[in-house]
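Look at the two complexes coming up: chain A is in both, with chain B in one and chain C in the other.
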Partner chain A sequence: MFRKLLVCAVFSASVAAENVPINGTVEGNCIVVPDTSGVYGNPSADVLSTAATDGGVLPVVRYDVVLADYYKAVITTPTSFSQSPGLADTVAWTGSAAVHEVSDAGMSAYDTNKIEYNATTEFDLTIAGSTWFEMESKAEYGGDKPFPGGNYTAMVEANCIAK
Partner chain B sequence: MRNSLLLLLFLSGYASAHSWTPTYPVFKPSYMDKVLETEMLLFNKRKDVEYFEVMVTDEEFNKLPFVSTNRIYKASYLERVKVQIFIREEMLFKAMYICSRSRFLKQEIPTNMVSSRICSKIR
Partner chain C sequence: MVYSHFSYSSDIVFGQSLNAASDGMRWVMTNVLPQQMGLEVTNVLYRYTAVKDPDTGMIVYVQNEDTANEGEYVFRSVDDWSGLPGNTITKSIPVNAILGSRFGDGEIVVEGEGRVDDPFIVYSYRFDPCFNPQSSPDCEGFIPPIPDIPEVADPLEDDYVQDEIDRKAVMRSEEDEEEEREGVVEGSEEDLEKQMLEERLGIAMESSLAAMDNATEMALANMNVFPNSYSASLTSPEYVSKAYISDNGTLVKTLVRQSRGIRMNNAQDKLHRALVRSQFER
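Moving on to the complex of A and B:
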């Protein structure tokens, strides 16, 4: 009786066993991850700046690329406020982007090879892994007038473009 | 003092992202004559964003005409959305990128935000 039960159990187990495939494909993929909040300092009445020396905090964005040489990072610093009190005068904007941290030592060359135009900086992501970029942004109100009181919001554009 | 003026955060402080695949989409003939189609996959890993604008552009990132169910797609946190794109056959020579960009509702603009755009290159 016991043997019959055992045979039956073994048989049923073998019938129940199934191979469950797990499929995966490694393909180029870019992920843009906002990492650190940026803060504008207000070192003088007519200036807002993210520089640490101005009391600000540099925003940081992380780019993850799965495969090397598939994408470029194109980062545009603000050239206008998306939210602000009414501004009667013009605002002069300056900004820049630079490598902040890398997951591969070779990525530090990104800074040397970056291309800058207008408010935009391009980095060629030639190595797979994660790269953190920090952005500096400065807004100066026209005619040395003080910025009106209120909340100001500007936006960084973090683009990942397939090559 | 004036510092009370405001300090603006413009990037979100927690891990969030969006992805847009495949990297190199290929257009194939659709069920309509002289119209090509391809399918993209949007994966939203941003908690602060629910809407994404889809666009087809030329080399200079000028927008080109295309057809899709929507221009702005809603994708909740960790949701995957399939996006079908249709273009006219003659447009294939001009079209270079299919991009998705995060969009915010005006009344929900967070004080800390980043606009992320990912562009796939048409093969």
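Moving on to the complex of A and C:
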């Protein structure tokens, strides 16, 4: 009886067992917000450029960082058109990213410490706050041929990556 | 300065100033914030571009004097650009609902080498329009003002009038005391007898005065002080005047007939008018 009871007790205890959830929420501590859409200017038949001197508009993206020194801003300028007329020739791409505006004077040093490779620029977000980055993009059509008429769209990829 | 906008949420009014630094690096807060009782500043947002050499030192202060504590600042933000390249900075700084009246004059101060371009500073604020319930009849707790009733001056409270009243009261009491002492009641037989006695005494007094005057006159006359003409009577002769003009016809003949005179006057007037008119017609 005692064993039975014991077994029952053990049985009943195993039946009553529940998984207790532990909930938690981690707020996003790095937010990327598109600020200004870029526009390609067409200073010559075979060139599309976002530079203001070429009649373009530089795209701007804002990074809001709550925690200092935990994130990197990784920005990649376009290497292809996401939308364009059919292009028979190759397009040569150049691009860069730079600090446009800061919410703390110390962020001005991001430009000095940035790392560039291929079409990508990395900024170490060491200070909490908002930083605005502007990107420059230039596309030159191969063989000095004019770009075919039509709409051209290219994408800048802006990522916030934990260090 | 005009304030950018208000937005109403229940009873509290929220608003934002325009660019306080639009006219330079110093600004007067009374021109920036609405002069509203109980107004609180909740946020300060500023932006400027620091232009400098990366190797030089530069510190920028954005600040407001504290009207409650002289020499201190109710708001102060410091940007140290030393050893950094210049850039455009945008800062939004929450303020712990400090009364707007404490915000004294604001300024942007640059220490070191470099300059500030395109300064832009905006104050966010809020206020309760019914902070003072008397500001509007729509406010809860509004008490209709009682009109000022002009104070009416009571002439009896005037010192001079009061003194006069007291004086008369004293005189009256003295008269009453005198009458009481004499025991005479007005209109009684004793009173009438007293009046008759006074009248007789007055007549006697007049007679004695007249007799005294006569005696004095007689004494002076005996001393020959007055000339004789003083008491001599004047004769009054009768002057009869019977003046008349006897008309034997000569007087009437010498008079000019009136109708002739009128005609002469008319002729002279006519001639005069002709002369005057001829001057104008020339």
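Everything that follows uses one rule, which is that the second predicted complex is superposed on the first by the 135 of 163 C-alpha atoms of A that agree within 3 Å, B and C clash if a C-alpha of one lies under 4 Å from a C-alpha of the other, contacts with A are read in each partner's own complex, and residues count from 1 in each chain.
As a working rule, a residue touches a chain if its C-beta (ideal position, glycine included) is under 8 Å from a C-beta of that chain, and two chains touch if they have at least 3 such contacts.
Here the structure is a predicted model, which is why all the values come from computation and not from measurement.
Undergrad: What does the overlay on chain A give for chain B and chain C, a clash or a fit?
TA: They fit: once the shared chain is superposed, the two partners occupy separate space.
Undergrad: Tell me which partner A:Thr53 touches in the superposition: chain B (first), chain C (second), both or neither.
TA: neither
Undergrad: Identify the partner contact of A:Ala105: answer first if only chain B is touched, second if only chain C is, both if each is, neither if none is.
TA: second
Undergrad: By the touch definition at the top of the document, which applies to A:Phe147: first (chain B), second (chain C), both, or neither?
TA: first
Undergrad: Touching A:Glu157 in the superposition: chain B (first), chain C (second), both, neither?
TA: first
Undergrad: So, A:Asn23: does it touch chain B (first), chain C (second), both, or neither?
TA: In the superposition, A:Asn23 touches no partner, neither chain B nor chain C.
Undergrad: When the two structures are laid over each other on chain A, which of chain B and chain C touches more residues of chain A?
TA: B
Undergrad: Just how close are chain B and chain C at their nearest CA atoms in the overlay, in Å?
TA: Between chain B and chain C, the minimum C-alpha distance equals 16 Å.
Undergrad: Determine where on chain A the residues touched by chain B overlap those touched by chain C, and list them.
TA: The answer is that chain A has no such residue.
Undergrad: Given the complex with chain A, which residues does chain B contribute to the contact?
TA: Touch residues, chain B against chain A: 2-13, 15-24, 45, 97, 109, 111-121.
Undergrad: List the residues on chain A that touch chain B in their complex, please.
TA: Chain A reaches chain B through residues 27-42, 45, 48, 55-56, 59-61, 64, 70-71, 78, 82-83, 146-147, 149-163.
Undergrad: Using the touch rule from the top, collect the residues of chain C that touch chain A in their complex.
TA: Interface residues on the chain C side: 47, 50, 54, 60, 79-81, 84-92.
Undergrad: For the complex, give me every residue of chain A touching chain C.
TA: 99-109, 111-112, 130, 132
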